[in-house]
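Both complexes below contain subunit A, partnered by subunit B and then by subunit C.
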Partner chain A sequence: MMEPESISAGSGGRLTAAAGAVVLRYLRGAGDFCAYVVSIFQSFRSLRFIRMRSVNAIILNQIVYTGVHALPITFVIAGLLGGVVIIQGMTNLPKFGIEGYFDNLLVIIIARELGPLVTALIVIGRSGSAMSTEIATQKWSREILSLEIAGIDPRLFIVIPRVAASIVSIFCLIIFFDIAAFMGGYVISLTQIYVPVGVFFQNLVFSFSLTDLLSTVIKSLLFGLLVPLISCYYGMMPRSKFEIPIYVSRAVSRTLFIIVVLNAAVSALFYFSWME
Partner chain B sequence: MRIDPRSHIAAIRQRLGRTEYRVGLFIVIPAFFILLFILLRLGYSLTASTMDVYVRVNSITSLKEGTPVQIKGYRLGRVVEIRPLFKPALHFLATLRISREIELYEDCAAVITNQNVIGDPVVELRNPERKGAFLREGDVLEGIESGSLEEMMAKVNTLLTEVTAIVTVYREVSQESRGDIRKLIVSLSDSIANINTIIQNTQMDIINIIGSMRKTSQTLDDVATEIKKNPMKFLFQGKK
Partner chain C sequence: MLPLIEFIDVTCAADEPLNGVSFRVARGENALFFGIEGSGLKSIAPLMIGLEESYEGEVRYRGAPTRGLDYLAKLRHKNGIGYLHGDYGLISNMSVEENIALRLEYFSDYSPEEIREITGRMMRELHIYDRRAARPVELTGSQILRTAYGRAAVNDPDLLIIEHALVGHSALDLRSFMDMLRARTAHPDRSVVFITYDPQKFVDFADAFHMLYKGRIVFSGSRSEFLESDNPYLVQFRNVSPEGPMDIP
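Let's turn to the complex of A and B:
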């Protein structure tokens, strides 16, 4: 029969080992991802061997899928979010005697935070999962192997056009999102108080600082870079067709987590008082 | 030779292809908005030498389209539009198109006044004593109505009408109530006479009551004296 002390020490040891294994697994995963990113940058060396026309076509098609086709859903979500923010503002701001600050509220909530974040979520939901699935299917059907045999670097041909397209698409979608949200907010605000459209947008422009614009650009660059990189990374992972859904789901969940953390980090960097 | 813009766009579309055209639009529209935003933030204006600001007023008795706008007698522009607003309560928003040549501050006052003996209305802008941010395109000022002859005459007229109505009502009331007042006065004098009689009678009764109370107290004094003298006799009086 085992002594109670040895049992607790044994279970403590097992717990420590389990925690260590988890940490090691994450570190190994992060290391693999870094190596993958470095290999993508290294693949630029073989850029001269590739026809830019085909890369351009991939970029254009990816922008159409990630950006242009996402416009309707972006408009709807943005308009509704803008309206909701204004409804909450109209309900609660008069309690504090600051009911004239609808435009500032829209800029703070929509342009600074919700715009980049929700746009990234839309892109992850639509395009990130699609990219992972597409690449995983290409790998399973040995199309990627065929590219390598033909002497084409698959990272250069598959990943880099998607990164470029995602950066452009996310940035443009954020701008469209902000415009739609402002319009939705304005329409809802008209039910309670009349503000001339020129005045409303004038105030918006002056509430939206160049720091806000810089933060939006940086967020769109980071999100545009990370969403396709993580999606393509997990798309390359499956070794059989049965693993495809597992890695696609993992790609979406990890991208979501990283984007939310990154959004908070960039906001803290730009808007914490110690940065001013 | 005149170029039809629609055919021109169709030609571009054919040459570029549908995907390129859509991607181009997708990138150009946000780029345009970003450029516009940066220009506005840097202080550039899309309009020429004038800007539109708004004045909120409760009534437009003395304000109409074309009313001049001035500062210290110098004409800056005019009222170009007046529109009613219904929220939260009925008021009006006048659009002033004014020149940018004079620096105005956002806390300036818009006083609606009369500029001459005839009483032509004018919107007089007055800069605040302390300079703040500049007045910008689209800013809204609160209109202050001051010295409007038309409005003053209207108010005096209303006042006179009300005074006449009140005097008429008083006259009617006094005529109708004259008889009632007379009856009331007669009744009041009767009531006073009755009250006087009651008081006189009551006085006699009070004197009698006081006399009997005095007698009672005298009797009680006698009884007390007797008790002091022969207490046992008083206590056992009537017992064998």
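Let's turn to the complex of A and C:
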């Protein structure tokens, strides 16, 4: 019969080995992703052989899908979120005697945090998953191979236009999100207190700082870069039709995780007092 | 005269391994590779195009080795060879015209008007001009084949590879396509390499026949030799017989 101590040592060893294997798997995955990003940069070497009009069409289509088609849902979500923030503000701020700070509350919560984050979530849900699925299907139906055998680098033709389109789309969507959220907040605030629209938006503008603007620009750049990169990376992975949903799901969950972590990191970088 | 493409003792461990395969296809010659499933046929085209880079021996195109090409030279090499494969791989979100023009959009100095003109001419010859705005999902099987052929041949490559591409079409639908293929194979300066399980379909087009089995060439010969040789592998293949040197499960 095995001694209790050796059982414990054995299971501890197995646990360590299992944890080590998981860490190694993640490190290998991170290494593969980095190699993929490097190969995308290397594909710029064939940029001079590409006629920009063929790439422009892809960028334009992607902007229409990622940006323009996402506008209605972004407006609705932003308006409701702006309203909810104001409802919470109106019911809670008076308890602390700071009920005059609705504008600041909107800027702090909407413009700094919710705008970029929720916009990225919308883009991941709509376009990120669509990109992964589209590329995985193209790979399965050997469309990617067809590009390759035509001497066209699929990374340059597929990934880079989507990165460019996502950066533009996410930046514009964040601005639209903020505007819609402010409008939603204003409409809800009217039920409690009348503030002239000019005064409301003037206060909002005054509440904005250069840091807020810079943080939004950096977040939109980072999110615009990472959402298509990760989505395309996982889209290229499936080796059979059976694996397509597995990798699409992985693309969405990993992108979500990375975006939430990055959002927190950028906010900490910009707004922690020790950074000032 | 330099062969257009040449394999010198090529061995590779791909899905379908090759074991010391050597052959040459002269400029203007049309070669046909055939055999049973798993014989190594699947590895021929990827090696010619440069998709498969892990092999021993040498693959030469226009006299120069294809191994060790830099990034841009590899892309140019792939762009210079036409390849029509059985999956066709038309880009689903592009129209017939855009699919055919794809190769000309890269590595060519044609103006957009010239590209439109060349693509238009190709679509007329293939009888798909009226479908130029259609997406692949809206095409019939033979229209997909013709579009894929148009894309492979639009830049008039000196080597065109046709791999298992004419399966599942009615002969009547393929009539005009076969006429076009016949004209191409008659061109003194252009070569077509056929890779197929059904060599009889192309017997009138090819000048040289190579049969593979277990990654080796077991028969090479001219059209008359292909039709008359008593090579036991060829006889077994021609007779569709389980009896012979090939182990048929």
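Observations on the model:
By definition in this document, the second predicted complex is superposed on the first by the 276 of 276 C-alpha atoms of A that agree within 3 Å, B and C clash if a C-alpha of one lies under 4 Å from a C-alpha of the other, contacts with A are read in each partner's own complex, and residues count from 1 in each chain.
By our rule, a contact is a pair of C-beta atoms (placed from the backbone, for glycine too) under 8 Å apart; a residue touches a chain by one contact, two chains touch by 3 or more.
Small disclaimer: the values here were computed from a predicted structure and weren't measured.
The superposed arrangement places subunit B and subunit C next to each other on subunit A without a clash. Contacts of A:A150 after superposition on the shared chain: subunit C is touched, whereas subunit B is not. Residue contacts after overlaying the shared chain place A:S46 against subunit C, while subunit B stays out of touching range. By the touch criterion defined above, A:S54 lies against subunit C but remains apart from subunit B after alignment on the C-alpha atoms of chain A. In the superposition on chain A, contact of A:I179 is made with subunit B only, not with subunit C.
Residue contacts after overlaying the shared chain place A:I108 against neither subunit B nor subunit C.
One geometric descriptor of the composite model is the angle centred on subunit A: between the Cα centres of subunit B and subunit C it reads 160 degrees, in steps of 10. By the touch criterion defined above, A:R142 reaches subunit C but does not reach subunit B. In the superposed model, A:Y194 lies in contact with subunit B only, and not with subunit C.
For the pair subunit B and subunit C, the model built by superposing on chain A gives 15 Å as the shortest CA-CA distance. Put simply, subunit A uses residues 61 to touch subunit B in one complex and subunit C in the other.
Subunit B contributes residues 19-20, 22-23, 26-27, 29-30, 33-34, 37-38, 40-41, 52, 54, 85-88, 93, 136-140 to its touches with subunit A in the complex.
Against subunit C, the residues of subunit A that register as touching in their complex are 42, 45-46, 49-51, 53-54, 61, 137-138, 141-143, 145-153. Within the complex formed with subunit B, the subunit A residues making contact are 60-61, 63-64, 67-68, 71, 168-169, 171-172, 175-176, 179, 192-194, 196, 198-199, 202-203, 205-206, 208-210, 213. Looking at the complex, you find that subunit C touches subunit A at residues 49, 51, 71-72, 75-81, 83, 85, 87-93, 102-103, 105-107, 112, 151.
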